[in-house]
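Next come two complexes built around chain A: one with chain B, the other with chain C.
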Partner chain A sequence: MSTPAERATNAFKEQIDGPIASYLSSCVHCGMCAHACLFYTETEDPRYTPINKVEPLRRVWKSEYTFFGKLASKFGLTKSVTDELLKEWELLIYDACTLCGRCSMVCPVGNDIAYMIRKTREGMIAAGYAPRGLKDATYRAVTVGSPMGVKLPALKAQIKHVEKDTGLKVPLDVEGADYMALLSSMEIMNFPEYIEALTRLFDKAGVSWTLCSEAFEATNSGMQIGSSDIEGELIQRIVDGAEKLKVKYVISPECGHAYYALRWEGPNVIGKKYPFEVVHILELLDQLRAQGKLKVEGKLDQKLTFHDPCQIVRKGGVVDEPRRLLNMVSSNFVEMEDAGVMNWCCGGGGGVSANERAEPLKLTVFNRKKSQLEKLGVNTMVTACANCRINLEEGIEHTNMDVEVVGLAETLAEHLAD
Partner chain B sequence: MLQPWNKNGLTVAERLQAEGISRRGFLKFCATTASMMALSPSMVPAIARALENAKRPSVIWLSFQECTGCTESLTRSHSPNLETLILEQVSLDYHHTLQVASGEAAEEAREAAMKENNGRYLVVVDGSIPVDNGGVYSTIAGITNLEMLRETAEGAAAIIAVGTCAAFGGIGYAKPNPTGAMPVSAIISDKPVINVSGCPPIPTVISGVLAHFLTFDKLPEVDDLGRPITFFGQSIHDRCYRRPFYDRGLFAESFDDEGAKKGWCLYRLGCKGPATYNACATTKWNEGTSFPIEAGHPCLGCSEPDFWDMGGFYQPLSTPTGDVTRTLVYGVVAGALIGAAAGSMARTRKIKAQKEHYKVTTDDLEESS
Partner chain C sequence: MTPVEFLAWVRGPMFQIAVAIFALGVAIRIVEIFVLGRKQDLSEPRRDGVVPGIKTIFGRSIPDTGTFKRSPLNVVAGYIFHIGLFTTILFFVPHIELFHSVLGLQWPGLPTPFIDAVTVVTIFAMVVILINRLRNPVLKFLSTFEDYLCWLVTLLPLLTGYLAFHRMLFPYQTMLGIHILSVEILLIVFPFTKLMHFFTVFLARWYNGSAFGRRGVQS
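Showing the complex of A and B:
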């Protein structure tokens, strides 16, 4: 049995590809990524400089893939990956990074730093260096089917409530439907209004859709903890469910990383093409709007703003869709500073919210969102990610702010024209 | 330029007054010289005092294989200015373009100055020195340039090589160099030689070097090419007012396109500014009016060695200058092979790592792990 440090080193070797080698060799140490990272801006701790977080990966690249590094390692002059290093960096890689990707946007030489941190996590978890909370969530995701331990009976109970409230049927396991909707556990347990919103919106728009009893969970703890093995296993469940029901599209719910894992990483980690297309709920709703199938009435006149979920806006480029949708139902929509692709993270993405140890830091970095909100003076914030939503609510609670956080789909559903 | 030397009885102050330059104007010149040469402001009175009291050193100006452009540059002033006044502080005892005397009388003036001021006079040289076939390609009064330089340099305190020909060989030295032209520094090794390069050099730079010598009795600090570092310390590119366009990647692609009209960077039109060290961008020409880049033309790099052989004037710096096709082909092939080898080694390493892949399972996630 190999040692943890050896397992990490081997995993890093597996992960180092063309892009990573060119990123590492082209870093000019300018430090611009530090100022793009809310963990740095809110703490001013230089260890939180994004590129510094990939140090373990960089060490392996240097000693294995660079001329001078190889030369130096022949003489035993290079620093290798050790348990102490991994232990120390676990706090930087998991607790102080939400994979929000803001650093990648500002890098003057075009390094995708968030991608490198994602790859670094592969080595960390191979060596067992990951936070307890995130390990537990991942364990539940694999064994139970949901990081929060939500099982099918819980979903069925929520469906029953929704059906009673709306008088509509929530389709479950309907073979041959066009769309298969996925949910995040957070939505099932904390925000069932999302299920209700989908039911009502799709009923009005005449969308043929279904839920799948074998694959309703969209979140992917495997991606967050950084294990392609587990990420692939969870993705495969969705692919199997979609294939069984023969759907044409799979809808990623209001969840950031689920969208990233399913839409961008999924086919790579399972090594084959999907037999369906992945669409984010915001993209689908905007499509329905364009087709005139989404009819709303009445506008909210209170001042409200939109929080962009990182993975949706930066990885998915879904920027205009939520704004077009929001403007349908609001007469006083205002943008926060840095809105759109450069918006700041809620502070709880990328597995941070599942990591109890990181909670004090998470609440510290919430100050960034707090100051964004204070400048606007709004009392309502709309978002499109259940994880962002719960995080923002926690931060708002913690700092005694008076801001209500709501989901975009449910806001639209409330204004559906009869 | 050559003044009637019977004015010798006058002090500098008197002389300046006679020329209509106030003491205030003179001190201003001293201050400008001090700042130009990066000297401390406390040196201004020292410069003024030194210039006022300086014993007029004898200067022998030797023009060899040249075009007289350097002399033109130095004398091209529309009104008596301080640069010319500084020249008046020297006794220009021999300059065959400017002097009145001719023939034997002229050569006698040189010999007399050498004898009278042995070991103390300054020699200014413009033009390169042909050395092939005994230096027969350029002679003055039957004496080859080579011989005249050696002879004159012997009793000199220092030599100022003015212009790129004297400093680095210039056009005479350019391929195929049919006369075996050489710069001063290749011939004289036992005397201090300072290179004031440029084709032609900036007049202020020549007078600045003279002022320094008059003030401190020695030549200013020089760079690795023997040029006064205060004037040649920075590249044209670093001080160019078009630099912001370069930084933003905005280039004129031809002399009449939109970019040229908007004053964008001339790099792609062959500007040698990035590789050229001189004071043009700051001191400018024609009494501070303009300089080539400001007039819309790329820098030719005239103050650098071998500037005639650095490829076409309108070829961008990144374009190779010689016939490199063959070398390039070998290089590309070798590079590709090395790259492929390194790539395959890296790939082998990655495949090996993949074979040793450690699969993360739920066992790794449990408490005991």
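Showing the complex of A and C:
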């Protein structure tokens, strides 16, 4: 029986690749990544410097994958991964990183630090060092099919409500549809207006789509906790659902990490390419706009801004689409400082919002978004991620701000031309 | 050992030892990275990663405005130090003569008084960098023995070169010998430390730029 530290070490060894070796060889300890990280800027705790968070991974790289480190470890000159280290770093890796990737954009030697932190999580969870809340969410995702424990009957109940409100049919398990839409549990439970928005937008645009009763959950706790095995299992369910319904496209919902997991990590964790294309809802809506199939009327004249979900914009490449869409329905759209690929995280991404232990820290780092919003003086913030949205709403509530957070798809649906 | 013998030693056997350790060490470190390689990415790229990767190799030299505003000292002192260091190494006429004799390549040098001034400015920038490392909470926290060692072995060639040129501290031949020895120490320390970033920075930026680029973002 191996010890947790040995299990972590073995998992780290599996993760280390050329990019990681080049990153760790290049770091000059300049400290500039600290200033890109909201966990540092809002607390000024140097332990939260992004590159410091990969210390367990660095130790294994040094002693196992460098000739000189290997030599030094023979003489006991290198530091190894210990249980104490993992215990301490669990707080840095899971509570103080949202995998937002901002550090990866500023590192002067070009280190993709967020990539390394994601990889470090693989070793942490292999040794059992992960927060309780995230473990529970992952357990529910595997056993029930949703991190929040949402089951098919709950979705069916929401579908009924939507059908009653819109007078439209919400397609479920329609074989041969072009698009299979996915949802996040958060949308089913807290923001069913998203389902309504899809139904109305697709009806008007004549999109052939369906939901799948066996694969409607898009979120992926496996990616957040850092287990590519679990991530792959959850991705495979979506692939199976899409194959069964023979769809050409799978739509990732207004959720950041679901898109990153499905679009960019998915094929790699299941080890094969998809038989369908993944499209983010914002990309699809923007395509419909370009084809003239998305007709809206009336513009909001109140000042509003857009919060970029990190995994969709910086790490996903969907940057201009939300802006083009928002300008269709707003006459007073203003950008936050650092908007776009350099935008600041809401503070609750990467599994932080599922980790109750991290809540005080999460609310502290919300100050970053607070000061961005105060500079603009807006009362409406549009976003495209259910997790950002609930997290922003919590932060706004906690700091007694007067800002309403709305989803982009539903904002568009509200302005659909008859 | 007389000053003449010392000079002959640092120019002869010691130079060969240092260059051998440097070349072999660097080769091992680079090969180690390439042997690890990168798994094929099975996700459908938004665009090819090659052009964005190359762009990041160059583009990352220019900090984004937010970074510049948050750590101006780091950026400015870092720039001055790097440019100054390479100017003195590559454009001081006696150095060019050395490169010519070893590599067979030659290029025009810069006026000696200019190199002299650059050396002073570079040493000053390095002192600022050290003070910043000792005082800034993040840098202080991150810094290890290796960081201070690298600072020292990089400073010594600049300092001893300046002293030798101005015939200060020791007789010229002794000081020149010390200068050459300090460069040899730098070469020997190089492959074992973060000085490796001189080479690996291109790989790191490439990997970063191409990974972000295929997802549609210029990093």
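Here is the rule we go by: the second predicted complex is superposed on the first by the 418 of 418 C-alpha atoms of A that agree within 3 Å, B and C clash if a C-alpha of one lies under 4 Å from a C-alpha of the other, contacts with A are read in each partner's own complex, and residues count from 1 in each chain.
In the analysis below, a contact is a pair of C-beta atoms (placed from the backbone, for glycine too) under 8 Å apart; a residue touches a chain by one contact, two chains touch by 3 or more.
Please read these numbers as outputs of a predicted model, since none were measured by experiment.
Q: For the three-chain model obtained by superposing on chain A, do chain B and chain C clash or fit?
A: clash
Q: Hey, is it chain B or chain C that touches more of chain A?
A: C
Q: Between chain B (first) and chain C (second), which, if any, makes contact with A:71: first, second, both or neither?
A: neither
Q: Under the stated touch criterion, which partner chain does A:16 make contact with: chain B (first), chain C (second), both, or neither?
A: Touch partners of A:16: chain B and chain C.
Q: Tell me the contact category for A:104 with respect to chain B and chain C: first, second, both or neither.
A: Once the two structures are laid over each other on A, A:104 reaches chain C alone.
Q: Who does A:334 touch here: chain B (first), chain C (second), both, or neither?
A: neither
Q: Which holds for A:44: it touches chain B only (first), chain C only (second), both, or neither?
A: second
Q: Could you look at A:227 and tell me whether it touches chain B, chain C, both or neither (first, second, both, neither)?
A: After superposing on A, A:227 lies in contact with chain B but is clear of chain C.
Q: May I ask you to decide whether A:152 touches chain B, chain C, both, or neither, giving the answer as first, second, both or neither?
A: neither
Q: Just name the clashing stretch of chain B against chain C, choosing from 27-35, 153-161, 171-179 or 225-233.
A: Looking at 27-35, 153-161, 171-179 or 225-233, the stretch of chain B that collides with chain C is 225-233.
Q: So which positions on chain A get touched by both chain B and chain C?
A: The answer is residues 16-17, 21, 65 of chain A.
Q: Along chain B, where are the residues that touch chain A in the complex?
A: Result: residues 346, 349-350, 352-354, 356-362, 364-367, 369 of chain B touch chain A.
Q: Can you list the residues on chain A that touch chain C in the complex?
A: Chain A reaches chain C through residues 16-23, 25-32, 34-36, 40-41, 44, 46-47, 49, 51-52, 65-68, 104-112, 115, 263-268, 271-274, 277-278, 313-319, 338, 341-342.
Q: Taking the touch rule as given, give the residues of chain C at its contact with chain A in the complex, in rising order.
A: So the residues of chain C in touch with chain A come to 25, 28-29, 32-34, 36-39, 41-44, 46, 56-57, 60-61, 63-64, 66-67, 70-71, 74, 78, 136-144, 147, 191-192, 194, 196-197, 200-201, 203-209, 211-212, 215-219.
Q: Quick check on the complex: what are the chain A residues that touch chain B?
A: Answer in residue numbers: 2, 7, 10-11, 13-14, 16-17, 21, 64-65, 125-126, 128, 132, 135-136, 138-139, 142-143, 227, 229-230.
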